[in-house]
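Below: a set of structures, written as structure tokens.
Presented sequentially are two complexes of chain A, the first with chain B as partner and the second with chain C.
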Partner chain A sequence: MDKLLRKKSNIILFLAPAFILFTAVLIVPIGTAFYYSLCDYKISETPKFVFLKNYITMFTSDADMKTAFKNSIFFMIFSCVTQLIFGLVLAALLTNIKRGRDFFKNVYYLPCVLSSAALGLLWYFIFHPKYGINKIMENLGLLNKASEGKQWLADTSGFIILPIVVISFVALWQYVGQSMMLYMAQISGISKDIYEAAAIDGCSKTQSFFRITLPLIKPMVATAMSLNAIGSLKFFDLIFSMLPESMRGVGGKAHVLATVIYDQGLRYSKYGYACSVGMVLLAMCLLVTFLINKFVKTESYDM
Partner chain B sequence: MKMKKFLSLAVTSVLTVSMLAGCTSGGSDGGNNGGASGGVQELTFMVWDDLDASEDLISKGYKDSIERFNKDYEGKYHVKVVSTNLEEYYTKLNAEVAAGNTPDVFIVSPGPNLNDYVLPGTAAKLDDYLNADGWKGTFTSDAVFAGGTYGAEAAGGAGIYAIPLNIAAACVFYNTEMFADAGASVPKTYSELLTACQKLKDKGYTPITISAGTAWCLSMVAGYLCDRNGLNLQDVKDHKTDWNDAKVINAGKQIQELSQYFQDTAVSDDNDVATAAFYDGEAAILIQGSWAIGQINGSGPEGFADKVGVFAFPAVDGSSADPNRVIAKSDSLAMSATSKCPEGAIALIKYFVDDTAQKYTAEVGGKIPVTKVQYDESVAPPELSYVMDVFKNASATFGFYNESLADTEAGATFDSCFVEIFKGTDPAEALKPIQEYYENNVWK
Partner chain C sequence: MNVEFDNSVVDKNRAQHKAVQVAIYVLLSILVLVYILPLLWIVMSAMKPNSDFKSTPWALPHDFSSLMDNFVFAWTKGHLGRATLNSFIVATVTLIISLVVGSMAAFAIARLRFKLSKLVLTYFMIGMMIPIHCVLFSLYTQFASWKLTNTLAGLIIPYVAFSLPITIYIMTGFFESIPNELFEAAVIDGCSVPRLFVTVGLPLAKTGFMVTGLMSFVNNWNELLFALVFISDDELKTLPVSLTKFVGPHSTNYTQMFAGIVIAVIPTIIVYSIFANQIVEGLTAGAVKG
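Moving on to the complex of A and B:
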């Protein structure tokens, strides 16, 4: 094998398929999108180069983009913090229970593998003002009529509107299993000897968690946080399937970056503008990943 | 070891062959532009409803037209239906167009939506087909083509680009039993409408069901109120007036005043849910296009049609605007300019406007036909005759506001402004986005 890999031509040959595929499906589209982001490009029309016009419009006069930035950043922070806390707690609990670990692991992970469109519909009914939560409150005598209760998916008061908070919790429910699995994989790699040594030295379970587990899973915290941040910046499906059209269309208060791309690109055929929003989204994803990896220290320890 | 080698080779071969097969499968169903398989030419038809699942009687009529076409042209043409829900229809159609898969025939509303396909040359000019065999003469008048007629601005040159299928008028549907029970009478003016709503509310009924979740429903009422207050859209287009004109502000205030009579969940409800509240007997008034007749009679309880009355949108007290103008709209069919089988596509369109289809449109669907077909008024839904009365008394028609503005985004911005007004934002403040949109994109 060593002999085989000593020849440069062999290395190139082995790398070529992946490199060509990677270039074709990622580098070329990103390059094309960047070029189109500098153009006025409508359906069936030839792109017209306008340099930074789309970016200037986006940052100066597009109200939907302001809403989208606010909601996407809230969504990212909420997702990173809550998934870190709940993912870690669940992972710590499940690695410490003796019976039913696999069962609960599957239960928590199940929403991750279900269709977001189906889950969106399920939660839409749960939060619909006539059914679900409001109906339960009516049955408990807390409301005279279910329809008079909170408009969970259409209330637009406040800086961060209720539907975005509701969807953030649904997304937490859906994806916390993924964070839990990542942390569990890392925790299960920690040698039991370390915990035993700590226990002999009088370390309690809580102290073990904070002094041994947490420091040793830091590399995975950075990875999971990056995945959460990128996933929440790109978030689209639950917003689309749970909210009424007037909340996520032009002037809607529940816009996120992905819904702006969808609206501008597919609904109004402004592909150039949609590409510029896409480039900003890409830049935000890269920036957030860079910051997380810079500030969450990821020294590796021999476990 | 030999076995392992053999298995690896077999798996690799299967994967390679299936990958290559995937690359070349465009012949039968990979493309949308009239693929041919086994001598049968496939035509794609795109529509804004699921024709197999829909209870809407007009959609059922479309399905029937396609089935008749497929039967009559068996072995020659076959229609593949591409369907989606109304809210996402144009999004999906735009994606198909952008991908080079424009359907051979697609349904479209005249106005900015049709502009998006006519101006760049996506839709085909249909004059030659209309003038052949006296087809154009079967329509009630040339006026029915007004929405689909373009000048030199169209990439394909001046001409007709869409064939209307039916005409619908936006009216006020009301539950006669609830009105009688509440002692309310049919209102002719806005103040009488408020009085009727108050009586209905006092009697414990929900006076009006409307959808603000699907913004165009609310915007239809806003359009009527703007018109009744005397706003002239041409003046707005020519920038002789602004969107913060007192007439628009007044329409906004009236929407806020009316909203006290809407169902509690209007802000969340979509169009279907709001319409269902009417035919389920939960609300007394539905302000909707007459296409709702097909939905009401298709999904509502038996005999409900007999309880339904229709009246024209009331005049605004003190306004000098013509109170007899009616919002009208037609569903139209356009043909792809790149269709590989234009003869088949035209043959298909003709099945939607032949006597069978047009009789069905009036007698079952409850919409106004566009051809000179004779239909039996005694079997047509009772609501149709009321709509026809409204239509006959109309002095003029005008389009949905969101489909009559500069472009589709302007229409959506208008819709969202009135949703904000409905939610309680001061009309002058809420109308800023549409004013800014026109300043940045239209009046430049």
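Moving on to the complex of A and C:
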């Protein structure tokens, strides 16, 4: 048995396809992307090595990148904080009810599996100046005319512009189910004995949530937070489908890192520059994951 | 301490408990509306002529003869029929290849004996931390030189590669949980390793297949960025891309777009409502174990 399972030819046969595909399509392109990020590389030209020029431009003179950094970091912080709070609250509420838990859970999780592009268009109309929320407010008598209401997706004033805030709420709506599920999975793994022992000692439900549940799901907080952080740094679909080109194009105030990559690569065919933005995105994702796991993750308990 | 006093405390606690439960249900139900109403609004609006939508966007459709007009338009003239077919081909082929290739690797990691198995698993896991955006244009230029851009195969290959880490991760867990005795018995009967994989491993990891398969299908059905960059031919565009193009800046017929949105989400809603528990389990399984 042992000999058979140790046979080199079998191991290679089973591992090779996945290994080759994964390496050729994900790992090697990261290497080439890193090389291109050090080059001037436009369409139908050969890459010309310019060392750090792209990175220097990106950090010093590119206004779009400045906006993108600002917005992406806002998205990241917003989603980490709100998803943590709402995800935990939902998980705590759902684990405390007896009937219909699966129903609520499945409804809240539903948008996570739907196309962001389609949902983005849907929310675009909800926040349409004439037809969505503003129309409801008009019908309720809160506004004289729908078109006089807030320009939810077109207002460009302020440090973080309104459309970005609106979209980050839509993202919360779409993805909070994910965090909720992760926390629920962890909470349902906590032994009932601990809660019973605490109840006998006179611990209230609220107390047991803060004193037992929270400390015991801390490792999951780290996992969910890293997922949120990476997800929001590479955020693209909702911005792309909810905002017109003028907002996420050149000089647009709604740029995020992924839309800059898209713009630079597809619209201007500046592949080198697009790759260097991609490298910064990669570095940020790795850094954030590292930091979260370092500061949030503590020792895991046996449950 | 007398008995009556105790009872009143218990009653009070019970009443309080009940009130809290009711409050929780009310809160959860309001939230259900926040999730369902926007979807219902779009379905409802998609059944109306555009002029009706513009005048009374929140009213129910009243012209019952034209309920399906927008859907027909979106499906045929809006190229969404073609796009649905493309998405279906891409998502299904990706699913099959990534399941076969991924479960083979997972089987090797979980069951075959070699020193580096942990390291190989870690290597694949790196893929889960990498934002695929950073390889977008290096892959694009590479694929362009191989004439793979503007083909469905050019989308399927990266999708398979991106689906591998999570597939391998979950399937490794499933293969590890199969009792060793089953494999031993088969080996004593003279089973070769490939047959061991097909006759013992695969049937027992069925749930794993289901879970990872659904996940990969849903993810690739919805993928936008790569599809947007890699495909420029209208005939080959996938559903999310066609949808964003179909809407376009110049289109003013909103209700036709709504029909498009409905067409794009219906398949996933159907798949989800049949397999909700498995999908949820699968999408969380990876993260929970890590």
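Criterion: the second predicted complex is superposed on the first by the 280 of 303 C-alpha atoms of A that agree within 3 Å, B and C clash if a C-alpha of one lies under 4 Å from a C-alpha of the other, contacts with A are read in each partner's own complex, and residues count from 1 in each chain.
In this section, contacts are C-beta pairs under 8 Å (C-beta built on N, C-alpha and C of every residue); 3 or more make two chains touch, one makes a residue touch a chain.
Since this is a predicted model, take the numbers as computed values, not measurements.
Enquirer: Which holds for A:244: it touches chain B only (first), chain C only (second), both, or neither?
Expert: So A:244 meets both chain B and chain C here.
Enquirer: So, does A:156 touch the first partner chain B, the second partner chain C, both, or neither?
Expert: In the superposed model, A:156 contacts chain B only, not chain C.
Enquirer: Figure out whether A:274 sits in contact with chain B (first) or chain C (second), or with both, or with neither.
Expert: second
Enquirer: Give one of first, second, both or neither to describe whether A:49 is in contact with chain B, with chain C, with both, or with none.
Expert: A:49 sits against neither chain B nor chain C.
Enquirer: Per the contact definition in the header, classify A:266: touching chain B only (first), chain C only (second), both, or neither.
Expert: A:266 contacts both chain B and chain C.
Enquirer: Check whether chain B or chain C contacts more residues of chain A in the superposed model.
Expert: Looking at chain A, the partner in contact with more of its residues is C.
Enquirer: Would you check which partner chain A:97 touches, where first means chain B only, second means chain C only, and both and neither mean what they say?
Expert: In the superposed model, A:97 contacts chain C only, not chain B.
Enquirer: Kindly classify A:210 by the partners it touches after superposition: chain B alone (first), chain C alone (second), both, or neither?
Expert: A:210: touches no partner chain.
Enquirer: Quick check for you: in the superposed arrangement, does A:252 touch first (chain B), second (chain C), both or neither?
Expert: Once the two structures are laid over each other on A, A:252 reaches chain B alone.
Enquirer: Using the superposition on A, tell me which residues of chain A are in contact with chain B and, in the other complex, with chain C.
Expert: After superposing on chain A, chain A residues 244-245, 262, 266, 271 contact both chain B and chain C.
Enquirer: Touching residues of chain A toward chain B in the complex: what are they?
Expert: Chain A residues touching chain B: 42-45, 61, 63, 128-130, 145, 147-148, 151, 153-154, 156, 244-247, 249-252, 262, 266-269, 271.
Enquirer: Contact residues on chain B for chain A in the complex?
Expert: Listed in rising order, the residues of chain B that touch chain A are 87, 90-92, 94-95, 97-98, 116, 120-122, 212-215, 263-265, 267-270, 407-409, 412-413, 415-417, 419-420, 423, 433, 436, 440.
Enquirer: For chain C, which residues are in contact with chain A within the complex?
Expert: 21, 24-25, 27-28, 31-32, 34-36, 38-39, 41-42, 45, 53-54, 57-58, 101-102, 104-105, 107-109, 111-114, 120, 123-124, 126-127, 129-142, 157-158, 160-162, 164-165, 168, 183-184, 187-188, 192-194, 197, 218, 221-222, 224-225, 228-229, 239-241, 243-244, 247, 249, 254, 257-258, 261, 264-265, 268-269, 271-272, 276-277, 279-280, 283-284, 287-288, 290
Enquirer: Within their complex, state which residues of chain A touch chain C.
Expert: Answer in residue numbers: 1-2, 4-8, 10-11, 13-15, 17-19, 21-22, 24-27, 29-30, 32-33, 36, 41, 90, 93-94, 96-97, 100, 102, 104-119, 121-123, 125-126, 131-132, 135-136, 139, 173, 178, 181-182, 185-186, 220, 223-224, 227, 230, 233-234, 236-237, 240-241, 244-245, 257-258, 261-262, 265-266, 271, 274-275, 278-279, 281-282, 285-286, 289.
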